[in-house]
Amino acid sequence: MTLTYYLVLAAILFTIGAVGVLVRRNAIVVFMCIELMLNSVNLTLVTFARATGTVDGQIMAFFVMVVAAAEVVVGLAIIMSIYRTRRSASVDDANLLKY
Amino acid sequence: MIEAPDLSLAALAPLLFVFGAACIGVLVEAFAPRDVRHPVQVAVALVGTGGGFVSTLVYAATQDLSAGGEITAAGALAVDKAGLFLQATVAGLATLAMLLFAERGLDPARSAFVAAAAVPAGSPRDRELATATRVQTEVYPLALFAVGGMMVFVTANDLLIMFVALEVLSLPLYLISGLARRRRLLSQEAAVKYFLLGAFASAFFLYGLALVYGATGTIRLGEIREAVGEDGGGTLVVLGLALLVVGLLFKASVAPFHSWTPDVYQGAPTPVTAFMAACTKVAAFGAILRLLYVAFGTEEWTWRPLIYGVAIVSMIVGAVLGLTQTDLKRMLAYSSIAHAGFLLTGVLGLGADGEGSGLAATMFYLLTYGLTTLGAFAVLTLVRDGDGEASHLSQWAGLAARSPLTAAVMGLFLLALAGIPLTAGFTGKFAVFRAAIEEGAWPLVLVAVLASAVAAFFYLRVIVLMYFSPPAADGPTVGVPGIPTTVVLAVTAAATLALGILPGAVLDLAERAAIFVG
Amino acid sequence: MSDFPFLVAMIAVPAVGAAAVAALPRGRELLAKQLALGVSLVVLVLAALAAVAFDTGGDRFQLTTSVAWIPDFGVDFALGVDGIALVMLLLVGLLVPLVIGASWEDGAPGAGTVPEAGTEARSMRFFFAWLLLLEAFMVGVFAATDIFLFYVFFEAMLVPMYFLIGSFGGPRRQYAAVKFFLYSLVGGLIMLAAVIGLYVVSTSELGEGTFAFDALRQLDIDPGVQKLLFLGFFVAFAIKAPLVPLHTWLPDSAAEAPIGGAVLLVGILDKVGTFGFLRYCLPLFPDASRFFAPMVLVLAVVGVLYAALLAMGQSDMKRLVAYTSISHFGFIALGIFAFTTEAATGAVLYMVNHGIATGLLFLVVGMLIARGGSRQIGDYGGVAAQAPKLAAVFLIAGLASLALPGTNSFVSEFLVLIGSFPERPVYAIVATAGIVLAALYILLMYQRTMHGPARGVVAPPAGDGPASGPAGTVDEPGGGGATAVLTAPARAAVRFTDLSRREIAVVAPLVVLILVLGVHPQPLLDIIEPAVTATLSDLGATR
Amino acid sequence: METLSAEVPLPAEGLLGWSWLLIALPLAGAAVLLLGGRRTDRWGHLLGTATVAGAFLLAVLCTVQLADVEGRSVDVDLFTFISTGELDVRAGLLYDPLSAVFVLLITGVGSLIHVYSIGYMAHDPARRRFFAYLNLFVAAMLLLVLGNSFVALYVGWEGVGLASYLLIAFWYTRPAAATAAKKAFIMNRVGDVGLALAIFVMFAQLGTTSYAGVFGSVGTLAGGTLTAIGLLLLLGACGKSGQFPLQAWLPDAMEGPTPVSALIHAATMVTAGVYLIARSAPIYDETPTARTVVLAVGAVTLLIGAIAGCAFDDIKKVLAYSTVSQIGYMFLAVGLGPAGYVAGLAHLLTHGFFKAGLFLGAGSVMHAMDDSVDMRRFGGLWKKLPVTFATFGLGYLALIGFPFLSGFYTKDAIIEAALDRDDVWGWVLGGVAVLGAGLTAFYMTRLMLMTFFGRARWEPGVHPHESPSVMTVPMVVLSLGSIGAGFLLVKAFPLSDWLEPVFGEHEAEHVVAPLTVGLVVTAVMLVGVLAAWLFVGRREVPDTAPVRVSPVTRAARNALYADTINESLVMRPGQWLTRALVWVDNRGVDGAVNGLAAGLGGSSSRLGRTQTGFVRTYALSMLGGAVLVAGALLAVTSG
């Protein structure tokens, strides 16, 4: 069942993305890791679409891409604004709110 | 020849109102002259949300909903009774939140929102703008989009729509969290955190969606139930369910997915916090209810222990962590986490296949909690010092001596949040606890009552400060609210009392609305 | 006449009165007082008329009103009284006007009774408004025949009392108010879980959930479930009552509360706990009640002795009185859980009598504190010589508290003990030892404050002995110049004036009742006994 | 043997139906005086005296009428006091020979003492209050002896306790008086517990508390129960009558004004214990065990009182211990059962006269000596206070049992009855009683010698003078009683005949001839007088008590260490316990609650630190949560 490989790959990518969110400091990189997670999902969706023999999965992948693009727009705007204020894109520097 | 999908315009009218208003808002932003922009935007926003609210009610009142509701938009949306109730709740609360957004009388700079979000905080230009009376009006269309997303969210009949709605409601929220006029650094930090964590959470949701799709071959909620009901929950389904729920619990700020809540609630502009606390909670729980009721109603015994566990964790985390908070907004954030736990006891009351009274109870609780918390945040906007809102607890000492009415209204909301009888909070709590006990979850209710006792401490502490402490010498001033805030306070306070003393009609409505289709 | 909705009126009148008093404009303190007193007197008259309309040989619940309130929960706004509730309503009606009378001068400049008086939040208008609201809730809690409604009033009562303690209390009022509220709330919330549990049980047994007491007491609940539900109710009532070891909130609250609040707190609010035992625990959960009775009795009897010993160890008069009350609540609990008509009737009578006797004791202690400015026993001495009437009333209150025959408390204590002896001899014997301790704590306090030579704040300030009162606890009347002019005896005379006419008017009804009920308690017993019999027959008690 | 009191008494008719006025009159007096305030100052004492005198007149008339009633016992039913469940206590009076005797004693001696007090308290600003309390006492005491049930008795019982408290603490600004009053009340309450428990047992076993009901069904009770009731009643009696082990309060009670000592702590209230046991004769008749304990208590107390009486220099304390001792005699008598009831009661009556007279005399002496009670500063007063000396002397002779005076007849009767037991116990008790008589003679002679004879050792500035006639007349009247009462009650109009309806007939079978007893007792008495003369009369009395004395004397001066024992066994541990409990309550019980709160607060801060503010930490917690949730779900479904 070769499809399993795709799924496993997607899971690995998802995990890499998730771990990346945890270990990377740069907000942009963190964000990219999240994109990676989304795209691993896309892979999963397409794989399942293939498995079930419908195109639903593929269509969903398109939806995800569109949403991800919107997310990029919003995310970059936010990150930019804080970067301009702080001159730093490290997520660890944004640490005024706590406890 | 492709058939046009069946669209029930009547059923979609509320959504159209809101999204339409949002689009018009964008156009207004682009074309209307600056000096009329604010009133026009406010009018558009109010018409959008208010129209959404009214049209929901009109639809519910005029349509024959004996079948529970209708599935429309090619099966994407389930405009059913519960969905309508939740939509109306969201739209109603959003209308009130829009009024808070529109308040111009409190801040000397005439608005709670930053004049130019692109200007770096702390720069000379920013300082110049901080005192200028220039207002910025993007928040209205943004908020309207969020409201639209929420209203789709609670009626989404398939997982993809739910995901899209999740993003539609989230993305504008990320943005407007960062738009505070004062303490901009905090606001921006809140936005970043909210955005990164929110995106992270939606990735989980999405992966869950993919797994469920893989396991069942469908993303329609009703079809998922059929598929699951046939062959039981395979590992993929269970894993998918877990990830979907994680994504939703994040939005509902349920521990252990709550960690963004205090930071964002504290950092965001208070009207936005109020909006989030009230509307997002309703939307997120609406989606949770629908997901668990429609798609996994037959899998009750799978998700039950999960909800049981996170409910306990959430109540304890919210109640215990709230004890030592010194910032009122942050305290209310922890209170919101605790309340998420209480709401989950209601979710547990859904029972097998939604037979329990949990749906009605949770919906009612959402309404009462939304009103109360909205009111509480509205009071927060009144108490100010030179640097904006005076949200530090110590600044509230002796407030009752300065402004008895403000203190009284705040006291009412706090008592309601604590669940004291004759306030809406009690009725809601009673309803969800009853639903949970009916499903045999009395140990959970026991934990819940103990947690509410702990939580009561920090609500009481505010009352102690307001009423029983001598006023601080250089205490904050209590602003005179303009008409919008006054309306919000009046409506929320009246509703908090009314739903505590005579909740019958609304309870009955929730009871009759407690049906999902799909 | 019995068609008149007395109970509704008794809730509505003070509630509306509270709103009216609170709505008075700033500065109309006198009008507020008069209005409050008038309203409370109307309630007293209503209570008296209700008692007249009550037929001791009639139905168990009379003067009933029932309106559907929250149909979705099966909740009715159902009121009605049996004999037990009726006497408690009479007590409520009686005590509130007296408390208003006793608080008449509070908040006046220099009265020293309310810290930082004068600010808006501590305005006496609000004091009286809260008091009236409290009265409405107290009436409701006793008159409710729907458990949900009972619960609502039970919890709602906390709010006015919380504000009374917190806004108008002593130096540690914040701590005391929060402690009071949280303690009660914990109990109340646990009870809430049990209330809901009971409702769920009724749903499964009757097909439709109900909170109506009459329907619920006919349920046949599984013993295991009964035990859980019993505990839920019991914890709430045991905190309220309070039984040792859940009592520690009471000394703090009673000590810090303004005197009027303390009277109502100990005189009535706490009775809700023992009332709850009798009204809810016993009839609704008979098997569990029998199962837990030995444990409750141990708590009760331990409480009698433990609290009495603690009372002796107190140096603060208000705390002392609070501890005596805890001891007395032990007697009441003993009477209730002995499961005999005599003991339970005695316990109910005890509830009334304790409200009268301890209410009077609190009032007179408050009058003493208003004069001396200190709650410490050690700051007083020889008051009797300067204020004989005050001393006499103090003695009468004390004697009633130690259940001297001829005072009302004797009858109730005697009934509790003699009634519990046949069934529970050991507990009764141990509790009887408490009467010696009662004599000790009362007489010790009386001797130290009233007897002996003038001491502490009572003594003339110039020279004269070691104790001139700890600085800070004494408010100096007037400015320094005026004080210096007064000669020493004149100073003492200024502070230790005897009871004023107003104060006499406040204490006189209680003194009269103490003596009258001490000699002729039968009218009350006639009201109480049928209700007690009915309660015990729900329980299936043998005697 | 059969007793007649078990029969239900007849309902009252005629004047006897109004016998409740006996209680109501003084009670009304007390109420008027207490409520009337200063307005009644001028005539308050007269009203107070009048009510008691009126009660006395009524009592005489009632008693005369009672003599003609069949069975000499009437029941005056008044109203329902407490009726609930199976308990039915009616407020009612029982007027029978026993109560009649007490009513006459109380109102008679009471009237005299009221009259005396008019003079004694003339200069006290609070005289009105004094009379109010006295009236209150008389009312309560009458209720005690007239009540027709144990509950009514109990009400009166505690009522006299209250009056006693108020009167001992009459001069409350003196700390000693206040303390003594409290002590008296508390020790009485200890006894009251016994009485209360006895009533509870009666109700539990018989379902009634009325005399008629209880005595009528005594036979149905098991022996152990009866003994328990008997012992519990005895505990009550000991408390009220200052008997061992609850005797320590009575001497302290002398802090009250002297008329109080005379009326309450000599003549009437302290004999209530004797009344209780006599009244409960039907119970004690059936329980020899309890009777034996009564005997033992009486004998022990008799000796304790007499020994302590020998050592004190305070004239009132000596008289007080004498009272303790004499009541010991009475207990001994009633403990003998049918043989001794009448003897005990007769001694009670004569004691009421002569001891009241002695106290009034002591009061007169104090009046003359500026309220001093120290006999070492008296001496040679017989010349200055002739009337006091004469009346006091007669009382003295009556007390020591001088032949043909009151005490002679009644004390001998008790000793005879004790010896009549005709067993070892009889001889022991008789011996103790005889020894007691000797000690009595010793300490009373010592008192007489130190007070009235020898050199005048007065404090400077003291000018003794005889008391006014309002005080001396009652003393004279009482001294007449001291002379003749014994003869009248034992020989002329035997009390045993009058009380026959109560105790039944009892034919004494004398083991030792009365004459022999009389001679022996008189001889022992003379030895005591002589010893006193040798120790006290012959020598100079020092102004202050000698310090270097024998251990026996020291023990006697400390009243055989009763206070010390009470203090170290009860008070100290009690105080320690109280302090310990206060600590436990604050730190333990309340500490647990506060600790819980602090613990929650602490864990709040600690948990709060997990909210670090770092996005990545938050993300980690979310991921961890997600993994946990997924893992848990998988575990649930697969497991």
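When the chains are written out, they are named A, B, C and D in that same order, and each has its own residue count from 1.
Heads up, the rule we're going with is that a contact is a pair of C-beta atoms (placed from the backbone, for glycine too) under 8 Å apart; a residue touches a chain by one contact, two chains touch by 3 or more.
Note that this is a predicted model, so its numbers are computed, not measured.
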item	value
Chain pair with the higher count of C-beta pairs in contact (A-D, A-B)	A-B
Per-chain CA centroid nearest to the all-protein CA mean	C
Distance from subunit B to subunit A - Cα centre to Cα centre, in angstrom	25
Centroid distance [mean C-alpha coordinates] between subunit D and subunit A, Å	95
Averaged-CA centre spacing for the pair subunit C and subunit A, given as whole angstrom	64
Subunit B-subunit D separation of Cα centroids, rounded to whole Å	78
Per-residue overlap in subunit A, given as positions that touch at least 2 other chains	18, 21, 30, 91, 94-98
Shared-contact residues (touching 2 or more other chains) in subunit B	192-193, 196, 200, 262-263, 457
Shared-contact residues (touching 2 or more other chains) in subunit D	608, 611, 613, 615, 619
Complete list of chain pairs which touch one another	A-B, A-D, B-C, B-D, C-D
Partner subunit A, residues of subunit D touching it in the complex	608-609, 611-616, 619-620, 623
Complex contacts: residues of subunit A adjacent to subunit D	18, 21-23, 25, 30, 91-92, 94-99
Subunit D contact footprint on subunit C (complex, rising order)	179, 183, 244-245, 247-249, 306, 309-310, 312-314, 340-342, 345-346, 382, 384-385, 392, 399, 404-406, 410-411, 414-415, 417-419, 421-422, 425, 428-429, 432-433, 435-436, 439-440, 443-444, 447, 450-453, 519-522, 525, 528-529, 532, 543
Residues of subunit C defined as touching subunit B within the complex	68-73, 116, 119-121, 148, 151-156, 158-159, 162-163, 166-167, 173-174, 177-178, 181-182, 185-186, 189-190, 192-193, 196-197, 199-200, 203, 228
Touching residues on subunit B, where the partner in the complex is subunit D	192-193, 196-197, 200-201, 204, 233, 235, 238-239, 241-243, 245-246, 250, 255-257, 259-260, 262-263, 301-303, 305-306, 309-310, 317, 320-324, 454, 457
